[in-house]
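Paired with subunit B in one complex and with subunit C in the other, subunit A is shared by the two complexes that follow.
Right, the complex of A and B next:
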């Protein structure tokens, strides 16, 4: 459970998951684009954000399906060459969502999949963060999930800090809040 | 979909470059609070419907109950997003006092809402009170000093100022040998840069 105010935690819970309503619900027709009345019927298949699906699942109002990003095709690709799979496109919070969704869908294999994917991709992220030139980075960055991007940036900034410590250099810096270039036009 | 506007707000926080504030999005905040009122009304009308049917609102688990539940959850979700928006901005605003000093540059000031500007002032007052009680300036020497004096180049017209030991005219592009403490605030505001020997 993330921190209440945590931005990433809030955004993870915005990921859509597909659910099947086990109970009907009145006055929420907007949730089901196919509904003709304002009622979502029992048995309708609807895409809900995780925060809603999770709470409704706890009250046995819906059953949650395994999201598409954990399907067989993705699994095969990860097994073939994990580092080249475009996980960002499938789900920007692949790992975190996996951790949150696994207990809901009762799929024991998701944990192993996440671990395998992370182990094989982490090495690559770390090596690239230390060696890749800045011009090369953007192409490779588009494959990374947000968790991996954070790791990548952490690795890069610690490398930069290490270099600064060894070579010496300006110790004072302008506050990051001001942005890179400031041209006051008043 | 419920919570769409609230999601936009939180997205805005995460898209800013490391710790940079964006203008306070009062439009979006209004939209979210409006959505909250709508959810509240829907919730009330569904509960009333249950009561009119003569059912117990605590134990009934019919379609109305689940409809009300969904509106309730959406309300709570919107609240969380609003709170996160304000909280994380307040965090950055407190940081501003430490990084930029007690006077905000105009372009940052314009991005704060009125209560936020008030908050900044109050934080400034509290910090000043504490520092005068301690008789110690906590905002200097964030980087451990090697030498009490450093060489700097002025990169913006600052004009004539009183520094701790003398009156100095800081013209653009001039180079000075200043006390670290004096230079520190100008560097963090981006008006000077440190020259490395």
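Right, the complex of A and C next:
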């Protein structure tokens, strides 16, 4: 499990993954929009948030499918040109979810896929973060996953802070109380 | 020592790096008479008219602002030296020239406070700017090479401000690489290497001893 107070970690676990129930479950029909009774039949396919799927998987109640963002089509696109794939649209937490889901689904290629994708997209983030003008950024930013966005913003904010320093500005900051003149009646 | 402005990431702001640069020594020529200053960081002076003496940059700037001295720009801050440095920077796409660790900050402080003491200030200023740009571009080229489970990036002769600019980015990038190239995630995949050949050609990894 991740960090208890990490908001991103909580949001990752909200991602929906599709699971197949291995056992019939009573009284949880709400989970399956197609269910007519309050029972989820054995073998029915349901989308559950990751945190629930994970717990049920540990109890061997469900088996987890590989999420759509790691399917063959995405893999081919990533191999063709990783930098242009719109990963944010597929899954904003592509890397983190991949790390969490790989042991559950037993798909051993996900780790390599993540590394390959990150390696090839990292260079693009590096180059654009330090040089691209702010006006160019929004279009490019829509492709990035959450982790890449953090990386991009870290680079850009430190560059912006440096530029602000170089341009100068107020070199001495006065405390607000210092500037005031004292009135005679004080 | 960690930065104070951002307690969360222990980063330095540009102003904090400048503050540290102010401890560098510089030569001044006073135009007044003053007893030696005995400060915690050392003894400076005595100050006699037309006798050059070494003081920290912050003291030099303070005296200069009061019109009590002229600052002698350091040797590297001259048109010849900077032109040489710029050419050398351009010639070698990987190697960085050994400039003073705080060259960005020192040159900015001197440009701001002692512009009349630097000969050819416009030329010098644009040379420093060019050098900084060339070097920063080289840093990016160097950083492009981060791959896999790197524990550190080794780039020689970087200056304080240059390191400070890329620090947040590099830290995050290294963390991400470290996570995604961890043996738990990757080593399993070696059995299926034939399915994705261009992904799985890894150099043997060293496992960190704990």
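Methods note: the second predicted complex is superposed on the first by the 162 of 186 C-alpha atoms of A that agree within 3 Å, B and C clash if a C-alpha of one lies under 4 Å from a C-alpha of the other, contacts with A are read in each partner's own complex, and residues count from 1 in each chain.
One rule holds for everything that comes next: a contact is a pair of C-beta atoms (placed from the backbone, for glycine too) under 8 Å apart; a residue touches a chain by one contact, two chains touch by 3 or more.
Just so it is clear, the model here is predicted, and its values are computed rather than measured.
Peer 1: Please indicate which partner A:49 is in contact with in the superposed arrangement: first for subunit B, second for subunit C, both, or neither.
Peer 2: The first partner, subunit B, only.
Peer 1: Applying the document's definition of touch, where does A:109 land relative to subunit B and subunit C: first, second, both, or neither?
Peer 2: second
Peer 1: First (subunit B), second (subunit C), both or neither: which does A:118 touch?
Peer 2: The answer is second: A:118 touches subunit C but not subunit B.
Peer 1: After lining up the shared chain so the two structures overlap, which partner does A:150 touch, if you call subunit B first and subunit C second: first, second, both or neither?
Peer 2: So A:150 only meets subunit C here.
Peer 1: Is A:129 touching the first partner subunit B, the second partner subunit C, both, or neither of them?
Peer 2: second
Peer 1: May I ask you to decide whether A:72 touches subunit B, subunit C, both, or neither, giving the answer as first, second, both or neither?
Peer 2: So A:72 meets neither subunit B nor subunit C here.
Peer 1: Would you mind listing the overlap between the subunit B footprint and the subunit C footprint on subunit A?
Peer 2: Common to the two interfaces on subunit A: residues 168, 171.
Peer 1: Spell out the residues on subunit B that touch subunit A in their complex, using ranges where they run on.
Peer 2: Per the stated touch rule, the residues are 1-3, 7, 10-11, 13-14, 17-21, 42, 45-46, 49, 61, 63-64, 66-71, 73-74, 77, 80-81, 83-84, 87-88, 92, 95-96, 99-100, 105-108, 143, 146, 150, 156, 183-184, 187-190, 193-194, 196.
Peer 1: Considering the complex alone, what residue numbers of subunit A touch subunit C?
Peer 2: My answer: residues 79, 95, 99, 102, 108-116, 118-119, 122-123, 126-127, 129-130, 147, 150-151, 154-155, 157-159, 161-162, 164-166, 168, 171.
Peer 1: Okay, in this complex, where on subunit A does subunit B touch?
Peer 2: Where subunit A meets subunit B, its residues are 4-8, 10-11, 14, 23-28, 30-31, 39, 49, 51-52, 55-56, 59, 61, 168-179, 182, 184, 186.
Peer 1: How about subunit C: which of its residues touch subunit A in the complex?
Peer 2: 11, 13-15, 18, 108, 112, 136, 140, 143-144, 146-148, 161, 164-169, 171-173, 176-177, 179-181, 184-186, 188-189, 191-192, 195-196, 198-200
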